[in-house]
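Below, chain A partners chain B and then partners chain C, in two separate complexes.
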Partner chain A sequence: MSTITVENIAKRFGETQAVKNVSFEVHSGEIFGLLGPNGSGKTTSIRIILDIYQADSGKVSILGGPMTNEKLNHIGYLPEERGLYQDVQLERCLSYFASLKGLSEDQIKERLPRYLEKFDLADHAKKKAKELSKGMQQKGQLIAALIHDPEIIIIDEPFAALDPVNTQLVKKLLIEQRNAGKTIVMSTHQMNQVEQLCDRLVLIDHGRVLLQGKLTEIRERFRTNAMIIDALDPLPEQLDGVARIEKQNGSYCLTPQEGVSAQDLLSALVAQGIKMNTFEVAAPTLDEIFIQVVKEGSDRDE
Partner chain B sequence: MRDLLKVFKFEFLTVFRRRSFILSLILVPLIPMLLLSVLNWINRDKSVTFQEAFMQEAGNPLPIGIVDQANVIKEYPEWLTYGKLIPAQSEDEARAKTASGAWQGFYVIEPDYLETGSMRFVKPQISMITELVQPDMLKELLTYNLIGADKERYLRYTNPIDFHYEYINPETADTRDQADDATFWVPYAVTMFFYMIILISSTMMMNVVTKDKENKTIEVLLSSVKPLDLFIGKIMAYGSLSLLQMVLWFGTLALVVKTGKTSLPFLESLAIPKSVFIASVPFFICGFLLYGSLMAGMGAIAPNLREGNQSTFVLTLPLVFTIISIAQLVENPFSSFTTFLTLFPFTSPVVMLTRLSVGPVPAWQLILSIVLLVGMVVFVIRGVTNLFSSQYLLSGQKIKVGLFLKTVFIGHRRA
Partner chain C sequence: MNKSRQVARYEYLHHVGSKRFWLLLISIPLGFLFIFGLSMLISRFSFDTRPVGIVDQGSLIQLEPDNSKKSTFFNPQIHLYLYPDASSARAGAEKKEIQGFVMLPEDYVSTYQLTYWSNKQPNSDIQEAITSFISRNLMASENVDTAVLKRINEGGHISLHSLDRSQSSDGTGWHRIVVPVVIGLLNFTVVMSSGGYLLKALVEEKENRTIEIMLTSVPSREIMTGKIVGNLSVGLTQIAVWALLLIIAGLIFRNRLGFLADINLSGGYLAISIALAVLSFLFTAALMATIGAAMTSSEQAQSVTSLMVIPMMIPFYFFSVFLNHPNGIVARVLSFIPLSAPLALSLRMAFIKVSPWEIGLVFVVIIALTLFVFWLAGVVFKRGMLQYSKRISLKEIFSKETRNA
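Showing the complex of A and B:
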C-alpha cells in the first residue's frame, strides 16, 4: 500500500524550473531511494511532500490524502541542511523538537533518555550542541527525526559525518524501522548504501524523473552480457566466442560474440584450457547506472 | 495555536535562562540603586543635604574666623554658615586660634569695607574644599547682613521672582517652568530611554530569526510548524521579555528619581508624570510590535545576521529621526512638527511619551495616535507574514531593501 503518492508535481523559482512532472509512489515497509545529482530537484520534491513548499501543479497524497497539521506529526524529517540550537543543551533542544511533533512532556521524559542511550549520547545530554562533535550532533538530529515514532521517515544524507561504527548503527536502525512497517524515503549520494538498503528508487535530474523501479529490476535492466573472469594465467589476445577482452583490476572483462550465451562462453573457455577462479556476470554497479543515466539525460537535453 | 505556544515557551525560556539576559535585567537597575543606597547611607540623617554631607564627610573643614573691623556683620545665622564662619574679637585672637590649629584661617573685613569692599584672608595653606565653598558662604553672610539681617528679605533677594502663569488655553500652552532645568531633563531622559529600548528589543527579533537560519534549525522547524505560528510565537516571546525589561528598567529610573532627592539635590524638582507610566506600556508594546515585526521580516529574507544588520538602518530611520529632532521636540512640544511626530506611527511610540513627560496631551491626539499606531502594527504584521514564507526563510539570497519594503507595504506577491 502506498503511503506517499506524488503525481506530476512541478515547481518553478523565478526562471528556474526546479521540478517538472515528477511522479512516484512510496510503499509502507520499504526503503525508497530518492537519487539525483546536486541541484536535480530532490530537496524541492521532499519539501513539496512535506508541505513546506506548495507545488505549482500536481498532487501529493500522504497517508491516503492531502497533508494536514496532524499528519505532519506522523512524519520524521532529517533535512540536508540540518542543525541544532548551538547555545542550547542537547536534551532541551530535542525535547523542543519532540514537543513540536506532538509528544507530551511525559512521553518525552519516557522516550528521550532511551534514545539518548541508544545513540550513545546519554553522557552528553546536558552539553550544549556547540560542545558536541559533528557526528554526535548528527545522531542528535536523527533522534529528533525518530523520537515521535513516525509512520513516514524522510532522511536526506543520513550517513554524512558518521564514522563506520555509527553508520552501521544507523543502517541497522533503518532496517528495523522498515521491518516494523515504516515508510522510509532516503536521499543520498552514497550509492553503496542505496544498494545495501533500498528496495526501490527514483532517479531525478534537472527536475524530472529519469529512472525508477525496484533496485533488482533496474540492475537487471542495465545488465550487459559481459562476463568477469579471474584467470590464473594471462589470457591470449584472442579467444573463440569472445568479441572483446579488457583487463580490469587484475580480472578480465569478456564481451561475447553476438549469439553467444554465458553458458556457451564458459564451455568455450574450458574447452580452450583457460584456468580460472571465478566466472561471473558483469552486473553494473549503481554508480555506473547513475552516471550512465544522468549522462544520457544530459545528452538528450543537448 | 498549540505550536505557537510551544514556540513562545521555548524562545522565552531560552533567553530568560541566559546568563547575559539575567545580568542585564538585574544589573542595569541594581547599579544605580546601589549607588543611591550608598549616597542615602551617607545622608542617613535626612535633614543633611548633599552639600552639607560634602562639607562634613569629604572635607569637614575647620571653621574660619571673621575679624569685622567695619562692623557690618550683626548676625551669624546657623542655617547659612553651618558653624563654619565664627566671629573673632580681634586679629590677635584670630591669629592665635589659626596658629593653634583650631581655625584654618580668618577673614579681616577692613574698616573702609563699605566704601572699597576691601578684605583680607589670612591662612597658613590652601585648602581646595574651603576655596570652593567658604567664599560663597562669606558672600551670602555679608549679603544677609547688608540687607538688614532679615531672613525673608534675604530669601526674596536671592530669588526675587516666583512667576505664576495663567493660560487662556492650557491644552495647547507650554505650562512648564522655563527657568527650571528639570523641565527639560525629564523629556530628554524619557525620549532616550524609549528610543534605546525599542531599538534594542526589536533588533533582538532579527537576531533570533537569522539565528534559526545560521543554526540550520529552520527546516526542521518548518517541517513541524507553520511559518506564521513561528513568527507569532517568537514575537510574543521577545515582546514579553522586552516588556519585562522595560518595566523593570523604567521602574528603576522612576524610583531613583523619587528616592534620590535627599542625596542628589538636582533630582529635587524632577518628576515623571503618571501619564508617562500609564502610556508607556501600550506605546512600548506597539512600538516593539511595529519595529520587531519589520526586523523579523528583514531576518526572514537575510541570509545571515551580518547582512541583515547592514540593511536595518533604513528601517530605524524614523526612530533615529526622533533623536535628531529631540531638542526641537523638547523645546517646542506644541508645534505642528511635534504634533505630526506624535501622530505618525513610526515615531509616536517615542514622541508620545516625550510629549506626556512635558505635560498633558490633548485627548484627541492621544486617541488618534494610538489608533493610527495599532492600525500600522496590524498592517505591518500582515505585510511581514508575506516574508515569513518557507521560500524566503529557506533561501539565502542577497537582501533587496526595495523588494522588502514593497512586500511589506504593498503586499508584493510571493516569489
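Showing the complex of A and C:
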C-alpha cells in the first residue's frame, strides 16, 4: 500500500526550476532511496512532501490524503540541514521535540531513556548539545526522528557523521523499522548504503526524474555481458571467445564476443588453461549507474 | 491540537532559566537603586543642616521660629535661632553652631534689605526659611488672621485652560511626567528585552538548524504564535517584578518623597497606556520575527534592530516639545508610530485632554500597522527561515514565489 504518492509536482524559485513533474510512490514496509546529485531537487521534493513548501502544481498524498496537522505527528524527519539547540541539554531538547510530536510527558519519560540507552547516549543526556561530538549529535537527531514511533520516516544523509559502528547500528535500526511495516524515504549519496538497504529508488537530476524502480530491476537493466576474472597468471593478449580484455585493479574485465554466454566463456577459459580464483558477472555498481544516468541526462540537456 | 502552548512554554522556561534574564531582572532595579541612592547621598551630604541665626535690629520679630520639625535623613530641616546681637551670632558662626546669620536692619520695613553673613552661599531652602519666617512676622505685626496667613504662605493653585476649552492642566502637575516616563522606560526595556529574546530565538533556530524539525512538527503560524506569546510572557514577568518593586518602593517612600503622594492614576489613563504598550510590543515582536526570519546570524539581526531604538527614544529627545506643545504636529505624529506611541500618547495625556476620537484613531492606525507586520512576518517566515546562508532580500519578500511558499 502506498503511503506517499507524489504526482507531477513542480516548484520554481525565481529563475530556477527546482522540481519539474516529479512523480513517485512509496509503500509501507520498504526503504525507498531518493537519489540525485547536489542541487538536483531532492530537498525541495522532500519539503513539498512535508508541506513546508507548496508545490506550484501537482499533488502529494500522505497516508491517504493531503497533509494535516495531525499527520505531522506520524512523520519522523531527519533533515539534511539539521541541528539541536546548542545551549540546551540533550535530554531537554529531545523532550521538547518529542512533545511537539504529540507525546505526553509520561510517554517521554518512558521512551527517552530507552532510546538514549539504545544509541549509547545515556551518559551524555545532561550535556549541552555543543559539548557533544558530531556523531553524538546526529544520533540525538535520529532519536528525535524516531521517538514518537512514526509511520513515515524521512531521513536525509543518515550516515553522514557516523563511524562504522554507529553506521551499523543505524542500518540495523532502519531494517527493524522497515520490517515493522514503516515507510522509509532515505536520501543519500552513499550508494553502497542504498545498495544494502533500499528496495526501490528514484534518481532525480535538475528537478526531473531520470530513473526509478526496484533496485534489482535497475541493476539488471544496466547489466552488461562482461565478466570479471581474478587470474593467477597474466592473461595473453587474445583469448578465444573474448572480444576485449581490460585490466581493472589487478583483475581482468573480459567482454565476450557476440553470442558467447557466460557459461561458454568460462568453458573456453578453462579449455585454454587459464587458472583463476574468481569468475563473476560484471554487474555495474549503483555508483556507476548513477554517474551514467546523470551524465546521459546532462548530455540530453545540452 | 494546537502546539503553540508547548512552544510558548519552552520559550518562556528557556529564557527565564537563562543567566541573561536574571542578570537583567536584578541589574535594572539595582542600577536604579544605586543611582537614586547615590544622588540622595550626594544631595544629603552636601546639605548643611546646621541652624541659621537671625539678628533682629528693628524689633520686627514677634513670633518664635518654628523648630518643632525634626530634621531627618530624607527630609532635612533648616532651624532658625534668634540672637540678641551681631557679635553673639558671629561667635556662634565661628564656633560652627550655626552656618551663618541674617541681619534685619532697623530700616528693613522701608528698605527690605537683608544681610546674610556666612562663608557659604545660602541655598534655596535657607532663603525660603528666612523669607517665610520674616513674612509671617511682618503679617503678624499687621494683625493678619492666622488662616489667611497660612493661605498666603501656601501660595495659589493655578489652573490652565486653552481658549477653546479643549486642553486643561492644573499647572502644578509637573509630577505627572513621572508616570508616562516610567511607562515609557518600562515599555522600552520590555520591548527591547522580549523582542531581543524573540529575535534571538528565531535566529537561533536558523543557526542551530532546528527550524526544519520545528516546521515538520508544528504549523508555522503556531510556531510564531508560541514564540511571541512565550517571549511576551518573559517581558511581562520582568515588568511584573519591576512594577512590584516600584509599588513597594512607592509605599516605603510615599511619605518621604512628597510628589509621590500627588500621583493620581486614573483607570482609563492606565488602561490606554497598557493597551498601547501591548500593541507596541506585538508590532515590535512581529517586526523582530520578520527580521529574525530574514537574517542569517545574530550579528546581522542585532545591527538592524538597533535602528528600532531610535523611534522608541525620540519622545525622550523631544521632551520639551511635549511639555510646550503637547498638541503640536511632532507630538501628534509620534503618537501614531507604534514604537513611539506608548510614551508619546501617555505624555500628551498627562498634560492635556486628548480627544477620544484621536485616541481611537491612534489605536486603529497602530492595529492596522501591527496586522500588516504580522502578515509580512508570516510571508517571510517560511521562505526566510529555510534560507540558511543568504539573507532574504526585499524583492524576494514581495515576490510571488515567497507568498506562495
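In this text, the second predicted complex is superposed on the first by the 302 of 302 C-alpha atoms of A that agree within 3 Å, B and C clash if a C-alpha of one lies under 4 Å from a C-alpha of the other, contacts with A are read in each partner's own complex, and residues count from 1 in each chain.
Going forward, a contact is a pair of C-beta atoms (placed from the backbone, for glycine too) under 8 Å apart; a residue touches a chain by one contact, two chains touch by 3 or more.
All figures in this text were calculated on a predicted structure; none of them were measured in a lab.
Asker: In the superposed model built on chain A, check whether chain B and chain C fit or clash.
Answerer: clash
Asker: Just checking: does A:Ser99 make contact with chain B only, chain C only, both, or neither of them? Give me first, second, both or neither.
Answerer: both
Asker: Report for A:Tyr53: first if it touches chain B alone, second if chain C alone, otherwise both or neither.
Answerer: both
Asker: Thinking of the overlay built on chain A, is A:Val88 touched by chain B (first), by chain C (second), by both, or by neither?
Answerer: both
Asker: Just chain B (first), just chain C (second), both, or neither: which does A:Pro79 touch?
Answerer: In the superposition, A:Pro79 contacts both chain B and chain C.
Asker: In the overlay, answer first, second, both or neither for which of chain B and chain C A:Ala144 touches.
Answerer: both
Asker: Residue overlap on chain A between the chain B contact set and the chain C contact set?
Answerer: Shared contact residues on chain A (touching chain B in one complex, chain C in the other): 13-14, 47, 50, 52-53, 69, 72-73, 75, 77, 79, 81-86, 88, 96-97, 99-101, 141, 144.
Asker: Please give the residue numbers of chain A that touch chain B in the complex, ascending.
Answerer: Residue positions touching the partner: 13-14, 47, 50, 52-53, 69, 72-73, 75, 77, 79, 81-88, 96-97, 99-101, 141, 144.
Asker: Which residues of chain B touch chain A in their complex?
Answerer: Residues in contact with chain A: 3, 6-7, 10, 14, 18, 215-226, 390-391, 394, 415.
Asker: Once bound in the complex, which stretches of chain A touch chain C?
Answerer: 12-14, 47, 50, 52-54, 56, 69, 72-73, 75, 77, 79, 81-86, 88, 96-97, 99-102, 129, 141, 144
Asker: Which part of chain C faces chain A closely enough to touch in the complex?
Answerer: Of all residues in chain C, those touching chain A are 1, 3, 6-7, 10, 14, 204, 208-210, 212-219, 382, 386, 388, 396, 399, 401, 404-405.
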